[in-house]
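Both complexes below contain subunit A, partnered by subunit B and then by subunit C.
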Partner chain A sequence: MRDRTGIILGLGAFLLILAYPVWQALGSTADPARPALQRSVDPSGCVEDTTYMVARHQDLLNTWRTDVVRDGRRFYPATSGKEYEMSLTGTCMGCHTDSQAFCERCHAYADVTITCWSCHVAPEGL
Partner chain B sequence: MTMLIAVGLVTALFLVGMLGAAAGLQWVFGVALPYLAVGMFVIGLAARVLRWANVPVPFRIPTTCGQQRSLAWIRPQRLENPPDTPSVIGRMALEILGFRSLLRNTKTVMIDGRRLTYATDLALWAGAIVMHWAMLIALIRHLRLMTNPVPGFVTLVERFDGFFEVGMPVIYLTSVAFLGALAYLLYRRLAIPEVRYISLVGDYFPLFLLLAIGGSGFWLRHVTTTDIASVKALVLGLTHFAPTVPASISPLFFGHLFLVSVLLAYFPFSKLLHMPGVFLSPTRNLANTTRISRHVNPWDYPVKVHTYAEYEDELRDKMIGAGLPVEKD
Partner chain C sequence: MDTSRRRFLRELGTAAVGVGCLPLLDPARWLQEAAPVDATPSTTQWAMIIDLDKCRRNDVREACMSACRREHNVPRVPDPEEAIDWIWTEEYQHAFPDQVHARTAVAWREAPVLVLCNHCTNPPCVKVCPTKATWKRETDGIVMMDMHRCIGCRYCMAACPYGARSFNWRDPRPFVERDAGDKPLSEYPTRAAGVVEKCTFCSERVRTGRPPACVEAANAVSGAEGALTFGDVTDPESDVSRILQSEPTICRRVSLGTGPNVYYRVSRAPAPATDREGA
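Showing the complex of A and B:
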C-alpha cells in the first residue's frame, strides 16, 4: 500500500539519522581512545593529585581566579598541606610548558574551547 | 500519591545507577544496559510504527476547523482544511515544528465573579515548545561526546547555546530553558485541578525522569565535574562496538546514563510515543477530500442492490399501462 511504503521509508530515515554516531565511527580513522596525558615532569609536584586535576582543573582555576582577583588571596592551601601561589603563569605553567601537547589534545578530543589564552599568554606551541 | 510514586521511582533508579557503578558494576551500567536500552528503543519503536502502518485508513478523517475549498469566490483556509497534499505538508510542518494545535488551548475564567468566559492560554504551548526544542538542542550538543572528530555543526550549536559565556564551564541557555520549562509543566500539572485529576503515574514519571536527567547533567557539568574525556572514551567505545570502561568516571555520571537508558527503554511503551505518533495522526495528516473524490471502503460487504433503472426495465410495460411516468420509453 502507498502509505505503508512512505511510513517505512520515514522510519528508516529516522533510524539512519539516529545511528549517525555509529556510521561516523565506522567511517572514521580517528582513534576513539582518550589521548594519554603528556607530562614533562613528575606529577607528584602538582598542587592536587592527578585524578582530581583531570576532572576538576577548571573548577580549581576558576576558584583561583576569584580568590586572587576579587578577594586578594594569593596562596592556595593544597590538600597535601603545602601552600602554592595561585597563578596560572607562575605555578601551573612552571611545569606544563607546552599547551599544544598538554592542554589542546584532550580539549580538542572533548571539543572544549580553552578560554585561558584570551588573557594569558599561552605557553609555547599555540 | 501518583506523583510521589513517580518521584520515588526516578530517585530509586538514579541511586541504582550511581550506587551500582560505585560498587564496581560500571560495565553493567556503562555498556550492557545502554546497548540493551538502545536495542529496546529501536526495536520497540519500529514495531509500534509498523503496527500503526498496518492499520487501514479507508476514509478521510481530518479534524477541520476552517472553510473548505469550494467556490472560486469563497476564500479557503488551506491549513485548517487542507484540500491537497501540499496543504497537508504545511499543516503537518507547523504542527511538528511549531506545536500549532497547542495554541488552541483555552482556560476558563470568571469575569466579576459572574460571567463565565474562555480565554486563550498560551502558557502550555510556550512550556511545551521551549521544552522540546531545548531537548533537541541538548541532544545535538551531546554529539560532541559521541563523534570523533566532532562535526562543525555541533560546535556551532554549542557556541550559540553558550553565547553569553556565563560561568565556567559556560552555562548553556538550553540547559536552563529545558529545566525551567519542565518545572513549569510540572507546576501546571499540579496547579490546575482538572489536569491534576487526570494525571497518572505515566504522566509524572517521564516528567520527573527528564527533570532528573537534565538536573544530573547540569550537576555533572557545573557542580561536580567528572573527567569528560574518559566519558567520551566510554561513549566512543560503545559506538565503535569495542566497549571500554575507563576507571576515572564519577558514579554520578552512571546515574545520569542509567536514567537515559531507562528513558530509551521506556519510550516505546509510554506516552512518549507521541514522537512518531504525531506524524501518523490521521486527524492531521490526511487531506480533506471527502467531497472532492469518492472514497470506497475496500472491505465493504458486497450488498446485492436492485437499482431503479433495473426496476423500471422489469416493469416498464406495466407502468406505462397504468399511466405511471417512466424515465426511458
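Showing the complex of A and C:
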C-alpha cells in the first residue's frame, strides 16, 4: 500500500492525457482556425437548412447522382416544398460560385479530400 | 429392426436425391426461365437513323464529331492508341463487315460511315460490367455510364462488338479543348484517368427535350437536313418509326443479336463518288 499515492497520481495523469481532446476543445470556445467560407450568392437559402447541408451534403449529392443518372429524374422536392433541378454545376454552384472559397476551404480544414472537381467543371475554371 | 447398414445407406441416398429435386417442382422457376431475355421493353427507346448518303460528306461528319467533342469535353488525345471517340468515322467495310463481299466496289468498301454507340436492346457491355457502372436505363433505353462507379476493368470494351467504348489511359483534362478564358467549352464533367467512356445519346440534352448535339449539328449543315434523325422507336408516330416503316434500313452486325438502335438509311444512296476524301 506504500505505492498508493504514486498509482493514483499516475492514473490521474494518464486520464488527463487521455482526455486531452476534450479539455483542449473546452478551453478554446472560439476556434480561430475555422475557415471563413464564401457566402451564397442567393440569400434566399439553400435547398435544405444549413445544419442538414453541413452534415449531410455528401449524402444529398449521392442521392441526386443516383436519381439523375440511374433513374432519369430531374427535380428534387425539397422539405420546404420547392423543387430544385438536381445539378451540381447548375444548382449548387449557381449560388456557391467559388469551389475554392467554399468547398476546398472547409474540406482542407476538415482534412477530407474531395475528388469532385477532378471531373466536374468548377465554375471558376480548372 | 431388420434394416441392414447397406439398405439404410441406399435409402439415405435416394432421400437426398429426392430433396435435391424439390425446387424443380416450383412452377415459378419454369415460368421465369421461359421468358425471353428482353421481355421487359422500356417505355421509351431512343434511336437514331443515320443517312449513309448525306453523311458521306466530310463537313457533315465533321460537324457531328466536333459538336459531340464540344458538348461533352471529349479530349483529343494525339496518340491514336489512346484516342477517345464517342462518334467517329469508320470505313464501310469495317462498319458493316458482314455486308461486304468479294465484289463490293472499292469506293463502297472505303466509303466513310458515321458510327457511335448503338444503345443496344440487348447490350453485351452491360452483362459483363462487374460494378453496374454501365446499364440499360429502363426509362428511355439509353445504355448509360456512371463514371463514379467505373473501376476501369475494360470488360465492356472487350464485350462491345462495335468498339464504341474508349478508355482513359491518362488524365484527359490537358487534351480538352478550351475557350479563350482557358475554360472547357462545356459544363459537362470531364473524365478521370482509368474510366471507360462512350456516347450517352446526349442524355443530359434529351432529358430537357433537346435533340442530341450531333443530330442538331448535322441538320444545321445546309443541304444535309435529315442526315441524322433521332426519336423514340416505341412511338409509331415518331420520325424514326416513320422512316423505319417506309424505307429500307440496315444495322451494324445484326446477326450478333445485340439489337442495335442506331439504324442506317440506304435507300437514296447512289453509287458513291470515286474520290476518297472521306476515307
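Heads up, the rule we're going with is that the second predicted complex is superposed on the first by the 85 of 126 C-alpha atoms of A that agree within 3 Å, B and C clash if a C-alpha of one lies under 4 Å from a C-alpha of the other, contacts with A are read in each partner's own complex, and residues count from 1 in each chain.
Heads up, the rule we're going with is that contacts are C-beta pairs under 8 Å (C-beta built on N, C-alpha and C of every residue); 3 or more make two chains touch, one makes a residue touch a chain.
Owing to the predicted nature of the structure, the values given are computational and were not obtained by experimental measurement.
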Touching partner for A:10 - first (subunit B), second (subunit C), both, neither: first
Broader residue contact with subunit A after superposition on the shared chain, subunit B or subunit C: B
Partner chain(s) touched by A:69 [first = subunit B, second = subunit C, both, neither]: second
Touched partner set for A:78, first subunit B, second subunit C, both or neither: neither
Touching partner for A:119 - first (subunit B), second (subunit C), both, neither: second
Partner chain(s) touched by A:35 [first = subunit B, second = subunit C, both, neither]: first
Touched partner set for A:59, first subunit B, second subunit C, both or neither: first
Doubly contacted subunit A residues - partners subunit C and subunit B: 115
Subunit A partner contacts - residues on subunit B that touch it in the complex: 42, 45-46, 49-50, 52-54, 57, 143-151, 154-155, 158, 165, 168-169, 225-230, 232-233, 235-237, 239-240, 242, 244, 246, 248, 250, 276, 279-280
For the subunit A and subunit B complex, residues of the former touching the latter: 3-4, 7-8, 10-11, 14-15, 18, 20-22, 24-25, 28, 30-35, 51, 54-56, 58-59, 61-62, 106, 109-112, 115
Of all residues in subunit C, those that touch subunit A in their complex: 73, 135, 137, 139-140, 144, 146-148, 173, 181-184, 186-192, 203, 207-208
Subunit A to subunit C touching residues, read off their complex: 65, 69-72, 74, 89-90, 115, 118-121, 125-126
